[in-house]
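I have a structure here, written as structure tokens, and I will follow up with some questions on it.
Chains: A, B, C and D, in written order; residue numbering restarts at 1 for each.
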């Protein structure tokens, strides 16, 4: 691994983010990354966070038109409440803040505690859970669906609404709408290695793959013999479409898990477009790349978001962050 | 050596916390490996970070009462650990501490009652029940056995942890695996056994 | 691997690029990726190309302010002359075209043949070789230094000059200046696997690394026991500075080879900035990410380019490509 | 069977090219493995793509003269292979073909001379010399031995390829490895041995 010692991986990365992106204020000690111009007058503050290891999520999405702050935890470990409370204080311009929380037990509990802390300080806080992963059944027998690729859509679209000056209820409503309109499915061709463990988090023999993986190196729901890009696209898209029955064009995210070459990911994108065309689902916009990753896991995920005209407009709105940038 | 009396002071709780910090230190890799099988391979590192902070805080300053020691330890866990175990263990200790109030000492019955309040806080925060393959599968039987003394609690904790192996997880990250979570010991149940063991050892050592 | 069959990897990727980027015209059969608005009136055309497997290089750099066309070859295999000749015909607006060629025997020969073909068709062609890799000695005993990370700088800066309407000689001069002002050094923490071979191109035991690697899965000049991020930064930066003695601020590219998590790459970036500060080399601009990759190789490279005010101005000029975008 | 006369027509050259295509097909993995050790693991796939195209073209249409067959084969390689080997093998065949002119047949002396022109084209294009650990280390000794007949050329080619093992590469991608290129057979030298072997076999088969 390209690290010093496991203990300093997150702090080292934050120093590197600070060096690379002067437009961000990085509090390395307290682990908060904030737009340099925060708090932005008359704007709802958007805060997200979660375990590290999913980069560019979330710090790479801080900037005009998207997040105001990101709170990175240890690798695959949700951040602590103090981080989000500090971020809330830093970005609140009096219009309140929205917490965008991926639905994991740890994230939910830590953000909830942060909400109490921030509200004690007089900041108005709303919270939206992202839970788009169809590989997990949302039932009494699970912690509920995981938050994965849709986080990007929620952050971008709610971010655009906030940038336009929408009030907290509206920004929250957009975030909720986007989450409800989004579903994902992921596939691993290899496990990832966390710095703390130093070796793959599970054994996946060459020639096999895991279907229905999350973004924390956990194995999926099912192991199978290796499939072609075409077969994987069929499987992943159909898994998503079984849950989401789009009645309008979709935003498409074809996401790499970290170690899949962009060459392969583009090839996979072609197959995803093919199967969507076969299923008569028009693609309004698409994004291909490593956006919501799982360290050095090889694999990919597909996220669809049903988008009405308003969401498409918000998608096209300018965004200026390290990892997503257009119109500025 | 040997138990002289069953009254516990702040120093006793500190010794418990330091013993837990040591146990976590030496078992960190094992806990991470357990979490690697059905979770995200961070449980050992999480608790190590947390209990190292607890130990440092308690070496720097010893609050006057057992309750205050536990509240301080719980706060440290909440603000240093993150993940699921940070808030859960943090709440466990904080609620236990709060239940002890500001008495300078507690007898074992009081401590047991306070621990029950701690476990209740875990249930309330995490919404899990025994049988869901979580730390509660260690804590609940251990507390029930505590009425029969620390060694019994320790034995129940260790059994509780192992008994999670055949269970299918219904809470936390391991629940994503569905049936594939069966056949592995829950990392939080294993670390809870360390916590109860540390308590039993410190109690035996008074 | 996330592929169908090795034989269709490049064509599949091109179909995926076409689906993802409507602003590009992709000729899948002939393997040419062109700006949709080409030929751009009164603009010198910029064409690059090379083996596939280095994505986003080069197709990801096609767009306003950078390349007019990219010619992807098979994986790690330089394209054939017909591709560049076709690209030249597609982008020439009468002001001539510049070929940006990474210095590999195959690339040089194929581009040279293309030059003859294009000139036969009446297109004025200039050519600039990129050869920035200090791990290879430029001597009679080698094929000369390899072209690696500096390609991005050459394409961006010459692209900005062309976009401003500079004539061919000026665009060529900028490209040449940038190449001469740039040096790189790369390190591999794992080998990569090509689709054709299906397994790692060389054996690199865990706990060892290769110093001085290229971007084609070839082993490096030297194998060593694993080093820390800090030590690798010292080694790589010093290797570059031994050759390049910057007398002015530098552009810095901290580049991932494909499978190194962005988390680790940012941490490495912090170390690179540290050692540059220690060596008293000011960093004017920096870029961190997977830009010039080697499939799923883990590792990184450092590229420095001495930049005068004019080059910095060209760097800051708007660019609108799939992989590099700002100001538009 | 056996050699009847030493005059070679278009059909002979086509058979040579088809034999080479077959040899490349069955040796592709081996060539790629050789290239993996000191190059970029594509030599087998490159030649497979190229000679498959050559074979297809020659199955579709047989030009009238041996020279034209080789020019066509060379053009196919140039426009299908890429990499270093595409232009080099392409030029080898094209220059050989051009040297044969538009005679309907060539005798072995003429073919040898033409091949010399082909090898010269490789030297001119790539700037390598024998000893640099390239295809020339096969082609040059093979051509020298060709005066003694096809079997001698084949033996020289196979020896030439193996003799690249102790050499340090000075041209092409393997040169980047410096001393680490020593101890491996050059993939281009190996494929050139296939080319000469195919020629010898076809000649033996006339």
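Basically, a residue touches a chain if its C-beta (ideal position, glycine included) is under 8 Å from a C-beta of that chain, and two chains touch if they have at least 3 such contacts.
No experiment lies behind these values; they were computed from the predicted model shown.
**Q** What is the touch distance from chain B to chain D, in steps?
**A** Tracing touching chains, the least step count from chain B to chain D comes to 3.
**Q** By mean C-alpha position, what chain is farthest away from chain D?
**A** It is B.
**Q** Can you give the whole-Å distance between the Cα centres of chain A and chain D?
**A** Averaging C-alpha atoms per chain gives centres 53 Å apart.
**Q** CA centre of chain A versus CA centre of chain C: separation in Å?
**A** 29
**Q** How many angstrom lie between the CA centroids of chain A and chain B, rounded to a whole number?
**A** Between these chains, centre-to-centre, one finds 32 Å.
**Q** Could you tell me which residues belong to chain C and also touch two or more other chains?
**A** Only 75 qualify.
**Q** If each protein chain is taken as a node and each touching pair as an edge, is the resulting graph a line, ring, star, complete or other?
**A** Drawn as a graph, the chains make an open path, so a line.
**Q** For this structure, give each pair of chains that are touching.
**A** A-B, A-C, C-D
**Q** Please name which positions on chain A make contact with chain B in the complex.
**A** Within the complex, chain A contacts chain B at residues 6, 51, 73-82, 104-106, 109-110, 113, 135-137, 140-143, 146, 194, 196-197, 201-202, 214, 216-219, 221.
**Q** In the complex, go through chain B and note every residue touching chain A.
**A** Touch residues, chain B against chain A: 32-33, 36-42, 44-46, 49, 78-88, 125-126, 168, 170-173, 175-178, 180.
**Q** What does chain C use to touch chain A in their complex?
**A** For chain C paired with chain A, touching residues are 1-5, 8-10, 12-20, 52-53, 55-56, 60, 75, 189, 228-230, 232, 254, 258-271, 273, 283, 286-288, 290, 293, 295-296, 298-300, 325-328.
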